[in-house]
Amino acid sequence: MRPSGRAVDQLRPVSLETGVNRHAEGSCLIGFGETRVLCLASVEERVPPWLRGQGRGWVTAEYGMLPRSTGSRTPREAARGKQSGRTQEIQRLIGRSLRAVVDLQALGEVQITVDCDVLQADGGTRTASVTGGYVALALAIDHLRAAGTLSVDPLRDHVAAVSCGLYQGQAVLDLDYAEDSNAEADANFVLAGQGGIVEIQGTAEDSPFAPDAFDAMFALARKGITELVAAQAEALAKARA
Amino acid sequence: MRPSGRAVDQLRPVSLETGVNRHAEGSCLIGFGETRVLCLASVEERVPPWLRGQGRGWVTAEYGMLPRSTGSRTPREAARGKQSGRTQEIQRLIGRSLRAVVDLQALGEVQITVDCDVLQADGGTRTASVTGGYVALALAIDHLRAAGTLSVDPLRDHVAAVSCGLYQGQAVLDLDYAEDSNAEADANFVLAGQGGIVEIQGTAEDSPFAPDAFDAMFALARKGITELVAAQAEALAKARA
Amino acid sequence: MRPSGRAVDQLRPVSLETGVNRHAEGSCLIGFGETRVLCLASVEERVPPWLRGQGRGWVTAEYGMLPRSTGSRTPREAARGKQSGRTQEIQRLIGRSLRAVVDLQALGEVQITVDCDVLQADGGTRTASVTGGYVALALAIDHLRAAGTLSVDPLRDHVAAVSCGLYQGQAVLDLDYAEDSNAEADANFVLAGQGGIVEIQGTAEDSPFAPDAFDAMFALARKGITELVAAQAEALAKARA
Amino acid sequence: MRPSGRAVDQLRPVSLETGVNRHAEGSCLIGFGETRVLCLASVEERVPPWLRGQGRGWVTAEYGMLPRSTGSRTPREAARGKQSGRTQEIQRLIGRSLRAVVDLQALGEVQITVDCDVLQADGGTRTASVTGGYVALALAIDHLRAAGTLSVDPLRDHVAAVSCGLYQGQAVLDLDYAEDSNAEADANFVLAGQGGIVEIQGTAEDSPFAPDAFDAMFALARKGITELVAAQAEALAKARA
Amino acid sequence: MRPSGRAVDQLRPVSLETGVNRHAEGSCLIGFGETRVLCLASVEERVPPWLRGQGRGWVTAEYGMLPRSTGSRTPREAARGKQSGRTQEIQRLIGRSLRAVVDLQALGEVQITVDCDVLQADGGTRTASVTGGYVALALAIDHLRAAGTLSVDPLRDHVAAVSCGLYQGQAVLDLDYAEDSNAEADANFVLAGQGGIVEIQGTAEDSPFAPDAFDAMFALARKGITELVAAQAEALAKARA
Amino acid sequence: MRPSGRAVDQLRPVSLETGVNRHAEGSCLIGFGETRVLCLASVEERVPPWLRGQGRGWVTAEYGMLPRSTGSRTPREAARGKQSGRTQEIQRLIGRSLRAVVDLQALGEVQITVDCDVLQADGGTRTASVTGGYVALALAIDHLRAAGTLSVDPLRDHVAAVSCGLYQGQAVLDLDYAEDSNAEADANFVLAGQGGIVEIQGTAEDSPFAPDAFDAMFALARKGITELVAAQAEALAKARA
């Protein structure tokens, strides 16, 4: 039934390649099927003005799409002179999601910016950004710990994200673009490794949908995120080996 | 336990005053407790370029806060030269929510813009905007029907919204500012009159929260939205009398 | 002769409602006929950089129109990314007018910003802004005096404003939109309570007009402003009672 | 008494040099004492969108200051990314002033843009711009008439402008920078050749000023503008010889 | 003598990977040592407004750097709201360089945009962009030819680019970042496959340099570009196989 | 053969008028034939943030064109809200060129900004800006030395610039607009007084050009710049007399 032939509860193949940038303190190129997002975590000594002198750190994210990451070319935001509402919404979501698993007090007065740049889009770029961004963030924190800057680990848990949707009346896991553009509803779930809710965003497309359908999507998301967290753990273990 | 002394499932007093602007085709000044949002619906003959010539209409929304609607003065977005990410996120949410209950084909090639301007903020400005914006939209559609432009009613249902939160570990309905700034989690629910889900946005503040807490908030939201829909119906009945 | 049936030297009904915003240190909703401007005065401890450390204060104003305050919807300045020349011209006028009656030395190192937002426009929004803005400013100064911050009163006089025009060859007082859009000339007068000139702006519409006509408009303005100052005094007395 | 030693009713030396740009249809370099403004009038076939197809023309103006036209360097507006409120206010004034003496119907569907760029500033740049801009405009209209595009003369009269001020309690004509920065009040008068009022803008500096002082400034302005109109006529006669 | 230990006339290892994006009509990931630029060519039916209806095509380029492509994080241009002067200078150079080898008449009314996005920077990003951009462009033209849109080949020659510099008084080929930031002069050469000059930009760093040194750099560039053209030919042959 | 009738190695008449602005520390109005650029050098005590406290100075340039300096009116950059890529490219070139002959250490912690504003354009505005900007800069340095601020002369040499082109297959010196818009290639040369290269920018127009042609242009440039440096020396001698 799904255009890709996947089972309703089947993720696309997930790849997490680390160490892909020589400058960034943490880096991860994540693939959700054909979607590719380059996640680069940068450590800076300066925190935002409103945080200075409080001994607490900050984690933030920025998001962008290369103009031809999409099926037809999208105008470059730098040339248009502003980031779209969609871009800002997504980067705010990524930032909030990552901060939910970081003890900012333990991080100390340091800012980590996670840049998520979409090299190729096929649906799920924001959920891939959260999932890959977590790995880049974890590696940047490793870098700080290796440098002796941090004595305790400010990471409290994993965080990962996946989208679900109602496609032809059926709840399905991890929408690709062909499904996403025809879904009746879609929802993005961001969960911590231990199952706590970090963020839920569900949206009807043309008309309202039933609470039951929402519950079905949530159940699929839990399954998918368990698999994504395992993939993160594996990538991190390999990078640290 | 709540700063306002309300019961956990108690909305703030809701007021919906219609006919508050002599120019707009539909208007509603909504109050959720001390929060006041002026919702003005404007009908225009022109639809956006990508819709032209298709015989379908469009409903969109814009959102703004007066600089001193907030406790301390917020810089004016027009003077800063751009709308914040938060503003864009909110106005996209309002627009999607209203479109979910409109048959755009039945509306015909007409655009209705619902401007939601916050005169005074005390939490819940986005949910008040959806709820009051619906009333302004319905009155603008009445205006088109009275003018003979529309033979069928493009409105398929009510839509209303409310926020819930976890405050001191307890799920509560309709956060005011004092609660919102101290909540452990908050969620905005947008539901149609018949109970269908239009939009759900739940966010953890400092750390992930349990799925049970989400369910408790959803139950409160259903109760609150039932009351809001009744208040909308009453305000519309009075305006049409 | 006038579309409204008013005598040539007759103001529209004036209303000045105070205490209309719970956050602002001074607030006034002014009505000139169908024109409604919400004037909110905010006190801030910070003065502009070029004034710092001199012990003097500053009074400034910002002006905006809600998109549907006008007969047909005007695009939102925050969305367009800049304030129009007209907006800047008006807010500079309001700021200069208010400063002309304030002893900035006596005010001390404090800034008061008066936001004038037009909820509904029917001509005369800039003169209503000055007139209502004065009341908001006076109440904000009351607030500072009540707080013990100010021992002397920095307000030296009232200031109020009204427009006049040549309509069908006749000088008339307080143009509404129907007159304004057909006037041969119009002039805005800002006068202090004791009759001193604060600002005069007279403009021919299609062709130059005679000095006599200017004198006739000035005489009408003096009459109208005397009435506006009385209305300000009454509103302040009531607010202070 | 005046820093320059001039009599109270004495203009600075006025110079009007025409034919100073090989591309512009009309050009005039005007000097008011040390103030120098280059006024270039450009004819274009296109009128603004809202005028198209009506057979009427348009006259507009733009104003700018070279960064070092001022005593200390002013940041370049093109680099700052926007025109200041002051710039917009001045260019709107110049445009309105020139249009007041043009029969736009007789001009036909043509736009004339008068660019007024200040090469050196010493007070009075806006009044010099109106006065010199008129000469550039008249020459551009000559150009259209010589080309056979226009059969009737759309210019109905001269227009010129001068500032007056209260300096040490005395009304004086044509403020230079030294006076302007110390005046108690200043007023700009734009009059047509036959004495009709085109625009009056009077502003108190620190405190309101008396109506008598305004009358005294107006009388000085009439004298000065008579002299400026004579200088315009002479420059045009010479250019046309 | 060179930080990298290379001979003065030795390029860094060059890699040209094609077919790296599923959406773009032509794609190439180029590596000049540690510098990585993703070059994606997009075909669009629309040419710029000033070219419409002339039967000629257009080739243009855009350039960007991911924020953490650099040693320390560079603010994102989309967030800053404008492209820097450097960015604009580089993308204009790439566009001119590619157009110099395309017969725009033969291309027909089609636009090809080559986006060059720097994933990792280590000097030479603009020369890598031209060299890799050519390969992406050639593949996009292949795509048009395969689709039967083009009957003749609009590509007249190869084009490739390399930088040279004076480092410790010695002319060297293909500067990496360590050399670039300490060079006394640097020059970018863009040459066609047959040796014709497309663009030369030479710049002294701290003080003027001798014409002899320029000649030495030019000679090195010719050698380097011969090698780059061979690498392009090989990559294209492989992609076409 | 040349539209102007000049010999291939003949400059247009060059004029360098100094002392043309009463405010600027150094000023020069340069003419290259019909091209006129007003170059004003401003001394400021403040250096850019990244230079503060190092005891070194800075020289920078800004460039602009009056809207009607060109054959048809060009929109004003301040009104469009940004400087074009061409403008930024040119002003970066002027700044680099001037810095190449200044000992910034000897200048001390002072910034000199050279504003080059084109009053009338007929080709060669960037080369005229460098050549005239040098004279303005030298006079501003004279001003600092006369004021006793500088004990040593931070100017190490002259710098001047000229364009060359291939016009009908022939290398020619100092392109005017008629040639520039029809040239097969053009190159801008910036040389120091002693012949050292400061900047070279050569560009093919429609197709690559031969290295021989580049050499021919370079030879012409050397001759032209020798003449320009002599004209600079003469103008400075006269200004200092």
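Lettered A, B, C, D, E and F in written order, each chain numbered from 1.
The criterion applied here is as follows: a contact is a pair of C-beta atoms (placed from the backbone, for glycine too) under 8 Å apart; a residue touches a chain by one contact, two chains touch by 3 or more.
None of these values were measured; they are calculated from a predicted model.
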{"item": "Same-residue or different-residue interface between subunit A and subunit E, half as cut-off", "value": "same"}
{"item": "Equivalent-chain rotation between subunit F and subunit A, CA atoms, steps of 5 degrees", "value": "120"}
{"item": "Far-end chain from subunit C, centres as C-alpha averages", "value": "E"}
{"item": "Chain of greatest Cα-centre distance to subunit D", "value": "A"}
{"item": "Distance from subunit E to subunit D - Cα centre to Cα centre, in angstrom", "value": "51"}
{"item": "Subunit D and subunit F: spacing of chain centres that average the CA atoms, whole Å", "value": "33"}
{"item": "Multi-chain contact sites of subunit F, meaning residues that touch two or more partners", "value": "81-82"}
{"item": "Order of the ring members, counted from subunit A so that subunit E is second", "value": "A, E, F, D, C, B"}
{"item": "Residues on subunit E engaged by subunit F in the complex (per definition of touch)", "value": "82, 85-86, 88-89, 91-92, 96, 100-101, 156-157, 185, 187, 191-192, 194-204, 206-211, 213-214, 218"}
{"item": "Contact set on subunit D toward subunit F in their complex", "value": "21-24, 34, 38, 40, 42, 44, 62, 64, 66-73, 76-79, 81-83, 87, 113, 115, 117, 119-120, 122"}
